[in-house]
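Across the two complexes that follow, chain A remains constant while its partner is chain B and subsequently chain C.
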Partner chain A sequence: MNFSEFSFWWVLLLFCVPFFTVRMVAKSFNLWRPAFDAVGLAAMSLILFLNASRASFIVFGVEILFNYFMVKWMLTKEGKQARLIAAAIIIFDVGVLAYFKYLTFFVEGVIGLGTTVPENWEAGFPLPVFNQIPPGVSFYTFQMVAFVVDSLKARRKKPIGLLDYVNFVSFFPQIVAGPIERRSALLPQISSFRFKFTAENWDWGLRWLSLGLFMKFVLADNIAPYIQMDQVANAWLVWFSAFLFTLRIYFDFAGYSFMALGIARVLGVKLTVNFLAPYTSQSINEFWRRWHVSLSTWFRDYVFLPLMGSRKSLAPAFLFVTFTLSGFWHGAAWNFIIWGAYHGALLLLLRYAGRPFNRFVGRYVARPQIVSWAMTFSAVVLGCLFFMETNSGRLVAKIKTLITPWAYSPSNFGELIARFEGGGGIVLLLSLGLAITFLLMEYWAVRQERPEYELFLHPWVSRALLGMTILFAANAPSEFIYFDF
Partner chain B sequence: MNPTATQSQTATSPVEAIQVWLVQQLADVLSLDPATIDVTQPLTRYGLDSIDAVTLVGDLEDWLDLELPATLLWDYPTISKAATYLVDEFEVTVDASDL
Partner chain C sequence: MKNKRLLTWVLVAAGIWSAGFVYNVFIGGYPSWLREMYGRKVALAAEIDQPKIIIAGGSGAHYTINSEVMEAELGVPVINFGTNGGIGLNVLLPSVLDQVNPGDTMLLIPEYPLLLTDDGLDDLSASFGMMIGRPGLGGVPAHDLAHNFLQLGVPSLQALVRTGQDVVREGRFDYYGDPLTQRGDATIEIPRQADWWKMRIRSQVSDYAVERLQQFADEVEARGGTLVLSLPWLYGSTEEETINNVQATANALSEIAVTLYDPETLNIQTDSDLFADTHYHLKISARVLRSQQLVEELQASVPAFQPTASEATQ
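What follows is the complex of A and B.
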C-alpha cells in the first residue's frame, strides 16, 4: 500500500468507520462473533489492495487460491510426493514473478545482446506483455514461497484455514513492500485474528508510525529533488548525487517499513524490524545484517543454504551467486545485477583481505573503527551509484568519470557548489543537517548497545518527530522507491 | 562457566564441552586468542561471516555426528546459546577426551 497516497487513508477510513461502528454496536448486543474480526481484516486488506491496483489484485487473487489449495494438498502427502508438490508451487510462483517482472528484460536485455529483437516483438508474443510490474508481486511471491517451504518442513502438518491464509499473505501494512514475514513469526499472530486495540498497541504503533513518517516525508522527500541523474562529466556531482541517493533510499524504505510496523502494531500485530541502523556498519557483513533484514534472511534461508547444501567448501561461490540473484530481484536491469554482484564481491574481498588489512590499519591508526566505517559507507555509496542508474550507457559514463583524475578539477567542484546556491541550497543543507543528526543518534544507540531506534521511539521525541513532519514535510512527496521492485 | 572461555580443560558438562570446542574452533578460524572470546557475545562481533558460520556448523556436524540446521549460528548467535540448544534439543553427550 502506498502510505503517501491520500486514497489509501481515505479508503481505510471509509472501511473502518462503518465496520468498527457495526462491531461496537453488535458487541454491545452480544451479537459479534470473534471470527468476524478475521473476516474484517481480510476484507480491509483486499479492498485496500484492489484500490492500489486492480490488475495486481486479479493476479494476487489467482495466486492466493492456487497456493492455498496446493499447500493444503501438499500437507496431506509425505516424502517425495510432498516435495514434488512444493516444487510445483514454487515453480508456478516464480514463473508468475518472472513473467510480469523479467520477460521484457529477458527478451530485450538478454536475447537482444546476441541478436536483433524486432521493436514490436510484443505484438507477436503469445501472451500480453506488461510494461509495469504489478505492485507487491516481488514481495508477496517471496512470502508465499517461504510459506510453502516452511510448511513442508514443519514438524506438525496442521492444516490452515483459507481465511487465515488470506490474512497471512494479504496483511495490508506489509503486502506491497514488506517486511517479508515468515510463517513462524506472522501466522500465530494472524491465525483466528482478533483486533487488539490496547493502549499499549496504540502507543507503540503511533511511535513507529511517527518515526516512519518523519524518515519518509521530511528526510527522504526533501533530499530526493536534489539527486541529479543526468550529470555524468563532473565527478564531484556524480559522487554527491550517489551520496544523496544513499541517504534517500534508506530514509524512504526504512520509513515505509516503520510505517507498516506502526500500522500493524495498532491492529495488534508485531512485524519484523526491517532496518537496524545500517549506515552505522563498520563492515559490509554488518551492513547486510542491518539492511532490509527480512530480504537478507530470506535469501540466506531459501537460496544460499539450499543451493549450497552440503557443498560447504563452495560457500564463497554460492554467496556470490546469492548476492547477484538478490540484485536481480531488485529489478529487471543490468545495473541491479551489477549491484548485487558488486556486494557479493565486496563480501569476498572482505573475507580474504579484510583481516590482514584491519591488522595493518590497527598498527598505524589510533581508531581503526573510523577507517572501517568510512570505507564501508563509501563502498555502499558507490554501490548506490549502480543501483540508482538504470540507464546502462550513462552508468558506464559515470564510472569512467569517477576514475578520471581531471574530472575532480577545482572548477568542477565550483560547479557543484554553484548548483546548490540560493534558497534550494539552504533547504538541502537543512535536510542534510537533520539527516546527519539522525544518523549520529543511531550511532550513539548502537555504541551504547541499545536498540537502534530507541531514542526516536521515546514518547517525547516521537511527538517532536510528528510535529516536525507536519512542519517540514516536502510539498511534493516522491514515490516509494521499493514500489518499483 | 566463566563467560571468558579460557578454561578449556575444565569442561565438566556437555554444554561446557561444546562451548570449549566452539571457542577453540572460532579462535582457529579467526586467528584469535581463545582467552579473548566471550561465550555470551554474538559471534559476529568477532568477525564471523556467513561462510565461516556454515563451515563451523559443518565441522560441528562432523564432530557430534549429527545433522544440524544450517542456520544454527544465526538462530543461536552466541556460543553459550548454541551449546545450550544443542544439548537441550539433541541431548548431546560429549566426552571431555574428545576435546
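What follows is the complex of A and C.
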C-alpha cells in the first residue's frame, strides 16, 4: 500500500466507516461475532491491495491459495515427504518472483552479455513479459517462504485456518514493503484476530505514524528534488547527490516502515522495528544490524545459515554470496548486484582488517569511534552511488569521475554551490538542517543506550512532528523507493 | 486521561492544519493569489454597468491581453477575466458565466489543455471551486474534493520559504502579487528560465470539450450574451501533425461560435521573443500586438463590432 497516495486513505475510510458502523450497531444488539473481526481485516487488506494493483492482486491471490493448501498438506506429512513439499512450495514462490522480477534482466542483461538478443524478443517468448514488478511481490514472497520453513521446523504441527493465513500474509500495513514478518512474531497476533482500538494503541500508533510521516514527507520528499542523477563530470556533484540519496533512502524507507508500524499498532498489532538508527553505526557490521532489520535477518536465517551449515570455515565466502544475493533481491539490474557484492566485500574487509586497523587508529586518534563512524558513513554513501544509478554506462562514468583528481577542481565546487542558490537552496539547507538534527537526536539516544527513536516518540515531540509534517510536507510527494523492489 | 491524550492529537492536527489553510487561502500561497485575483476581477466586472467584452480563459488569457488597447479601438469596455488553465474547463466556464449580462460578449481564449481534456477537470479544479465558495463546482468527484480540501491546509516548506523571502525582501506576504489594471490585465512579465522548444499539439479538440463548449454557448446566449471563441497564441511547432490538429480544432470550434484566428498561422507563433515564461504567456509588448489582432478579427467577424462607415473612412 502506498501511504503517500491519497487513494489509500480514501479507500480505507470508505471501508472503515460502514464496517465499523455496522460493527458498533451489531455489538449493541449482541449480534456481532468475534470472528467477524478477522473477516473484516481480511476484507480490508484485500480491498486495499486490489485498489493498489489489480494485476498484482490476481498473482497474490493465486499464491496465497497455493501456499495455504500446500503448507496444510505439508503439515500432515513427516520427514522427507514434508521437506519435498516445502521445497516445491519454495521453488514455486521463488519462481513466481523470478518470472515477474528477473526475466527481462536475465534475457537482456545476462544472455545479452554473450549474444545479441533481438529487440522484440518479448513477442516470441511463450509467456507474457511484464515491464513492471507487481507491487509487494518481493516482500510477500519472502514472508511466504519464511512461513513455509518455520512451519516445517515447528515442533507442534498445528494446522492453520485459511482466514488466519490470509491475514498473516496480506496484513495491509506491511504487505507491500515490509517489515517482512515471521510466523512466530505475527501469527500469534493475527490468529483469531480482534480489533483492539484502545486509547493506548491509538496513542502509540499515532506516535509511530507521525514519525514515519515526518521522515517521508518532510525529510525524504524535500531532499529528493535536489538529487541530480544526470551529473557525471563534476566529482563534487556526484558525491553530493550520493550523500543526498543516502539521506533520502533512509528517511523514505524507514518512514514507510514506521507508518506501517503505526497503522498496525492502531489495529492492535505490533510489527518489527525495521530500522534502528543505521547512520549512527561505527562499522558495516553494525550498519547491517540496524538497516532493514527484517530483510537482514531473513537473509541470515534462510540463506546464509542454511548455505553454510556446518562448514564454518567457508563462512566468509557464504557471507559474500548472501550479500550479493541480497543486492540482487533489491532489483534486477547489475548495479544492485554490485551494491550487494560491495557490502559483502566491506564485511570481509572488516573481518580481516578491522581489528588491526582499529588498533592502528587508536594509537594516533583520541576518539577513534569518530573515525570509524566517518569511514562507515562514507562507505555507505559510496554504496548508495551504486544503488541509485541503474544506468550502467552512467555509473561507470561517475566512478571514473570520482577517481579523477581534476574533477575535484575549485570551479566544479563553485558549480555545486551555484546550483543551489536562491529559494531552492534555502529549502535544501533547511531540509538538511532538519535531517542532520534528526540524525543527531538518534545518535544521542544510541549513545545513552536508549531506544533509538525514543526522543521522537515522546508524546509532545511526536505531536510536534505531526505539526511540522502538516506545515512542511513537500507539495509533490515522490514515490517510495522500495516500491520498485 | 487517556482520551484527553487522544484529544491533543486532534487539537494539534486541526489547529496546525487550520493555520496552513489560512496561509494557503488567505495569506501567501499560490491558491490565495488565485482566489484574490478571481475576487478582484469579479469586483472589477461588477463596476461596469454597460455591455462589455469579457475575455475568459486561463493564464493564456490573463497574460496575453491589453484590455485598454482593445477598449480604445472598439469603444466597448473590456474586462480580462483570465485566471488559470489548471482549474479545468468544467470549473472555468461556470466561474465566468455569472459575469455575463445582456448585451455582453464573452470572448473565450482557451489554452490547448483545456480543449484536449476528456473530463473537463484538472489539478486546480477542486481547490479553486472550494476557494471561491463553490465546492464541487464542475462535478469534481468526492475523492478529489476531499484530497484537495486536505491539501489546502498543507503549505509546504518551499512555499513558506518563498513567503519568508517576500517578507524579508519586500515586506509583504504575496509572492505571487501581481497588481491588476482596472480592467483586470496582468502588469508583470515573468522571464523564462528554461530553454525554448516548440510545443506540439498532438491531438485535436476532444468530443467532451466540444460538447461542453456548445453547452456554454447556449448558457451565454440564455443570459443575453454572445460567445466568441479564439485560438490562443502559442509558441509552437509548424510540423504537419500540429497544424492538422490545430486546424481541426479551429474547424470544430467554428461550429460552436464565431472563432477568431489567423488562417495563415493558426495563431502558432514561431518567434519565441514574443513570449515571456511559458508557451502561452506574452511579453507586455506582445500583448499589445495580440490585442490589436483580436480587435481586427472582432471587427471583421462580429457585426456588433464592425466599424460604421464614418469610422471606417477615418
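Going forward, the second predicted complex is superposed on the first by the 485 of 485 C-alpha atoms of A that agree within 3 Å, B and C clash if a C-alpha of one lies under 4 Å from a C-alpha of the other, contacts with A are read in each partner's own complex, and residues count from 1 in each chain.
Operating definition for what follows: a contact is a pair of C-beta atoms (placed from the backbone, for glycine too) under 8 Å apart; a residue touches a chain by one contact, two chains touch by 3 or more.
Just so it is clear, the model here is predicted, and its values are computed rather than measured.
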| item | value |
| --- | --- |
| Combined model on chain A where chain B meets chain C, clash or fit | fit |
| First (chain B), second (chain C), both or neither touched by A:Leu347 | first |
| First, second, both or neither for A:Pro410, with chain B first and chain C second | neither |
| Angle at chain A between chain B and chain C, C-alpha centres, nearest 10 degrees | 160 |
| First (chain B), second (chain C), both or neither touched by A:Trp10 | second |
| Contacts of A:Arg355 with chain B and chain C, given as first, second, both or neither | first |
| Which superposed partner A:Pro128 touches (first chain B, second chain C, both, neither) | neither |
| Contacts of A:Val218 with chain B and chain C, given as first, second, both or neither | second |
| Partner chain in contact with A:Ile426 - chain B first, chain C second, else both or neither | second |
| Which partner reaches more residues of chain A (counting touched residues only), chain B or chain C | C |
| Partner chain in contact with A:Gly114 - chain B first, chain C second, else both or neither | neither |
| Nearest Cα pair across chain B and chain C, whole Å | 35 |
| Intersection of chain A interface sets (partners chain B, chain C) | none |
| Chain A - residues contacting chain B, complex | 283, 285-286, 289, 297, 300-301, 304-305, 308, 310, 312, 315-316, 319, 347, 350-351, 354-355 |
| Touching residues (chain side chain B, partner chain A) in the complex | 30-31, 44, 47, 49-51, 54-55, 58, 70-71, 74 |
| Residue ranges of chain A in contact with chain C within the complex | 6-7, 10, 199-200, 202-203, 206, 218, 222, 423, 426-427, 430-431, 459, 463, 466-467, 470-475 |
| Chain C residues within the chain A interface of the complex | 2-3, 5-6, 8-9, 12-13, 16-17, 19-20, 143, 146-147, 150, 153-162, 164-165 |
